[in-house]
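Got some structures for you, see below.
Two complexes, one shared chain (subunit A), two partners (subunit B, subunit C).
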Partner chain A sequence: MAEGKIRVVMAIPALENHTKGYLTVSGMLRDAGMEVILLGNELPERVVETALQESADVIGISTYCGSPVVFGEDLLEAAEKKNIREKTIFIIGGIFPPEDVPNLIKMGFAGVFPPGPGSRREDIISCIRNAIASKKPN
Partner chain B sequence: MRKKANKGFNECLPGKDMSMGLAKKILEGDIQAAARLLNCIEDEVQGTNEELKELYPYTGKAYVVGLTGSAGVGKSTLINVFIKDLRKKGLTVGVIVIDPTSPFTGGAILGDRLRMQGHSLDQEVFIRSVATRGWKGGLSKATIGMIHVMDALGKDIILVETVGTGQGEIEVSKISDACVIILSPGAGDEVQMMKAGILEVADIFVVNKADKEGAAEVKLKLEGMIYSRSLAASSTLSEWKPKVILTNALGDKGIEELTESVFEHRNFLTATGELEKRRQERARTELMDTIKNSVEKHIYQATSKDAYLEELVNKVASREVDPYTAASKILRTFTPIVMN
Partner chain C sequence: MSAERTTKEILEEKLAGGERVPLYNPEALKVIEKELEEWKNKTVREKDRKNWEITPHTILGSGIPRRLTYTPLDIANIDYMKDIGLPGGEPFTRGIHANMYRGRTFTMRPLPGAGTTEEMNRKWKFLIEQGATGLSVALDLPTVQMFDSDEPEAKGHVAVVGVPLCCVDDWEVAFKDIPIDKISYSIVTHFPRNTAILLPMYLVMAERRGIPWDKLTGSVQNDIVMENLVRGAIEYIPPEDCFRVQCDNIEFIRKEVPQWNYITLNGYNLREYGTTGITEMAVAMANGISIVEEMMSRGYDSDWVGERIAFFWAFANDFFEEVAKNRAARRLWYKIMKYRFGAKNPRSMWLRTHVQTSGASLTREEPINNIIRAAYHAMASILTGTQSLHVSCFDEAFSVPSEKTLLPSVRTQQLIEQETQVTQVVDPLAGSFFVEWITNEMERKVLDELDEIEKMGGIAKAIASGRLHHKIAEHIERENRAIESGEISVVGRNVYKSEEPEPQIEVSAYQPEVYEQRKAMLQKVRDTRDNEKASSCLRALVDACKRGKNVTYFTLECARANVTEGEMRKAFTEAFGTWKPPFML
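Showing the complex of A and B:
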């Protein structure tokens, strides 16, 4: 009866004008049985505050233009400040230069999904499930 | 079949003594602890009831307002400006917003909160998105427990937004002190309004999107209904006559009137002793629901791998035994229920 659901907060960095990727991925995660809290355009600090109130397992960022590294740094820093960095899984996807990928991973994103192979539905879902499983203490 | 999600990890793990220690933190105002306990309630994590037991003596202070209405009438947008007005008056606010779970995948898109993000950095506003997880009536099973947590956290007023409802989802009126029904122009004629439930449970009506054509007409029709109902009502019915308020949530119009009506209604309930009666009824509903849930859980656990049950299922299917006899046979095997 009791069944833990994975809760995901999905946001787009403020001022970016797109919803396609964000809605597509949100729909995929819903279809995988997750509860997806949509935020739309947001600032890092407010995403973190929301994730805290919603006790979210995952924060997902969809970005098309600009600087995922800067946004990512601010997001992780805000999470650190609010003491939820450890318990939260961070994923990011969208369009950004390939050289940003290793930086984002190094920074602490469990999943980085630029366009192309490796960003399929199954990849995103299994990334989240694996990251949650690895956080589970034995 | 979808695999069971791997969860129940760090944040919900009970300590050795089965106590998560969340209640104490919540009473000190710890938002993160409150958020965690809300998860535990939803996921039915073992030990949750212990925390709720500890909190219960500190609850009953908050005023609970339920808001319901069809999908797309502007419930979330209205709540956004309602919160703003309540904050202006110095009140702290808890908000529970409910959206439907997909019956096919078990997943959900929770899209109410994004209309209220302006309050995301206000520490005195606690918003929580909730999926129905198969619960009927526009609420989720966890709603009452969640109200207790926000109450214990010290929120003055708790707003509960139901899923976009149709015609029979009036469960929210059973868990709230005041019930606000939100309509918008162009959603049907007076016949729709006359259908059972909606008119009876509303303490306040809001006609949102009042800038659109037809809003005044909806208000007039509603007032007509309320008037004719009051003529027909027997003296045993409460004498509160629901207000009809025109609002334009996006344009931030009519909200003060809504707040005033909620306060006025509260004064009425307090003065007439109706508030106490409503809360008594609420306690009864909660107690009965808790008993029902515990029995259901117990039966589910006891019979899920039961060979005797399987045997009886086969017999019922082959018409050897009728389901009524089979059920009483099963029930006779039960031991008394011990609730954790």
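Showing the complex of A and C:
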């Protein structure tokens, strides 16, 4: 991570029409002192390109209507291709089936946040901070 | 706003003066006033006296302060016939029908979840067997967003939250053997543009089955607020153009499909996105006003357009506010149509509503509690005489509803109707000092917000300005903080916290093979149709957009030529260009 603020690219799958979670979490991260780049609706490849251009530490995805696993796979694959998968922290939140949670974690998401317990403001912020700390070379 | 004065100014002038017949006699009021003072000082505890008014904090609530109790003094100047009236009579506060539910019960319109065209066909038939009297077509996300199932953006979304219906062939499969001339269908098209694209496909499907369009009943949403304010999307057209498509649809449907409800002013999704019941009503009515103005400028009278305007509300937690909302909305819409637009036909002064109980008020914690929440929401809406109702399913915070959770949702309505007997009396809460007071409060506040929107220049300009977007973003932030701090109580989340582990909820899983099937199916449509005809219809559509012709006649020709939804979307953006909503954070 570069010196200074944690940089987060926040995005929603291209066709997702729900943006409440995206706005809510973006506001929380901004209030926690992070630099939030609001990308809005995009394809996974474009999300990765933006993260690269913006030297983002974190990519945050909010989803509701679609399969988070399908979008997540494509996102991680695109990140792999651009060589940012290892250094980037991926988090995802939204309305999705409970069984998607372990799958997303297994795939490589540092934080998975369906609504409810475990998805509070402090949970999301500390997840990002801890993941960044653990990536720092000792 | 093309008029020089706002609705509020017009109503203030037209309703000023005139003799009022007060409901309560002044002597009785004097006695009550004296007794109330004494009671407050002698009987009421000091603490309660100090906190005479308390502001309620609820999810999606307006926070109208509540007094400890209400008396005739709070509605001292009420004129019964002018302000409340009789059921089915002006000002329609008590409902639009004299016999209300004794004449016809509310339409039970379950939203049947998701699946392929074949699966939806089976689900709809199941619901018809269960006694559903109207059905909704929930579209999958690509169809809602006007993308074909085989476009790259659609990956991961096909048939997940609804049914994919991108060309007339899809509609034929989904509606096979369903008596569309007998069941009313709410086609949840949301936006003006997808209404222009999809309703013609339904009509062409009917045409192919030999069913005349005047036999079809149902509704579309066709709402600019949904397309340019509530929706997240990768591309938008400018609000002014979107507003025009909305009005083109209205004109087309009014002429060609006479029993069809051509617009549902959707307060629901705006409300659920994050706003109060007051803004929900004000924005919906502002759009309604802009529509009537536009149609009058196209040479139609207000009754021609007003007759089939319908509204769609969310019913959330603050019970009496929700009760008041529908009553206040009916009275205000009546005044607008009658006094602002000179409507003569009572039907065009009616505010008819579909209600869905609030999904945003439901929790992932202890989801069975959501059945109880939704039952209160449903009860409030029935007590205020809604025309049509969908009760949100208890697994809303997990995924699109499964068939298992749909049943308690339908049963909630049947139970209220058959067992509680609340439907026997029309507008049973009328005359409560509190209910009449809060009805007045809601009406006044909606009119004030309406005034603000009209001063921005009407609905399209208000959306383009970004001020409504910001209002919502602020609400979302404020409400979230109030839940975090415990100012808003949410049982199972921040009070009486759940110790239960997350329950097993059956959810409809994404079916990756469907995407491949859909690709093949759409390829076949494109290979077998007359492609020259398809392109000439698309060119004609672009031309119609640019030249100000009614676009819906041209999307109809596209549908007849088997043009797909994504192809029509691109024609619209080619003609109108794109627009970016304002930065919201």
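In the analysis below, the second predicted complex is superposed on the first by the 135 of 138 C-alpha atoms of A that agree within 3 Å, B and C clash if a C-alpha of one lies under 4 Å from a C-alpha of the other, contacts with A are read in each partner's own complex, and residues count from 1 in each chain.
Throughout what follows, a contact is a pair of C-beta atoms (placed from the backbone, for glycine too) under 8 Å apart; a residue touches a chain by one contact, two chains touch by 3 or more.
In this text, all values refer to a predicted model and were calculated from it rather than measured experimentally.
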**Message:** Just checking: does A:30 make contact with subunit B only, subunit C only, both, or neither of them? Give me first, second, both or neither.
**Reply:** both
**Message:** Which partner chains sit in contact with A:81 here, subunit B, subunit C, both or neither? Use first/second/both/neither.
**Reply:** neither
**Message:** Is A:129 touching anything from subunit B or subunit C once the two structures are fitted on A? First, second, both or neither.
**Reply:** first
**Message:** With both complexes overlaid on chain A, does A:20 touch subunit B (first), subunit C (second), both or neither?
**Reply:** second
**Message:** Quick check on the superposed pair: does A:40 touch subunit B, subunit C, both, or neither? Answer first, second, both or neither.
**Reply:** both
**Request:** Determine, under the contact definition given at the top, whether A:49 touches first (subunit B), second (subunit C), both, or neither.
**Result:** first
**Message:** Based on the A-chain superposition described above, do subunit B and subunit C contact any of the same residues on subunit A, and if so which?
**Reply:** 26-27, 30, 36, 38, 40, 42
**Prompt:** Within the complex, which stretch of subunit A touches subunit B?
**Reply:** 1-7, 26-27, 29-40, 42, 45-46, 49-50, 52-55, 57, 82-84, 87, 129, 132-133, 135-137
**Request:** Flag every residue of subunit C that touches subunit A in the complex, lowest number first.
**Result:** 141-142, 144-145, 147, 152-157, 160-161, 230-234, 273-274, 360, 363-365, 397-399, 473, 476-477, 480, 484, 493, 498, 502, 504-505, 507, 509-510, 512, 583-585
**Message:** Looking at the complex, which residues from subunit A come into contact with subunit C?
**Reply:** 12-20, 22-24, 26-27, 30, 36, 38, 40-43, 65-67, 69-71, 74, 95-99, 114-117, 120-121
**Asked** Can you list the subunit B residues touching subunit A in their complex?
**Response** 2, 4-13, 31-32, 35-36, 38-39, 42-45, 101-102, 105-111, 113-114, 117, 120-121, 126-129, 131, 133, 297, 300-301
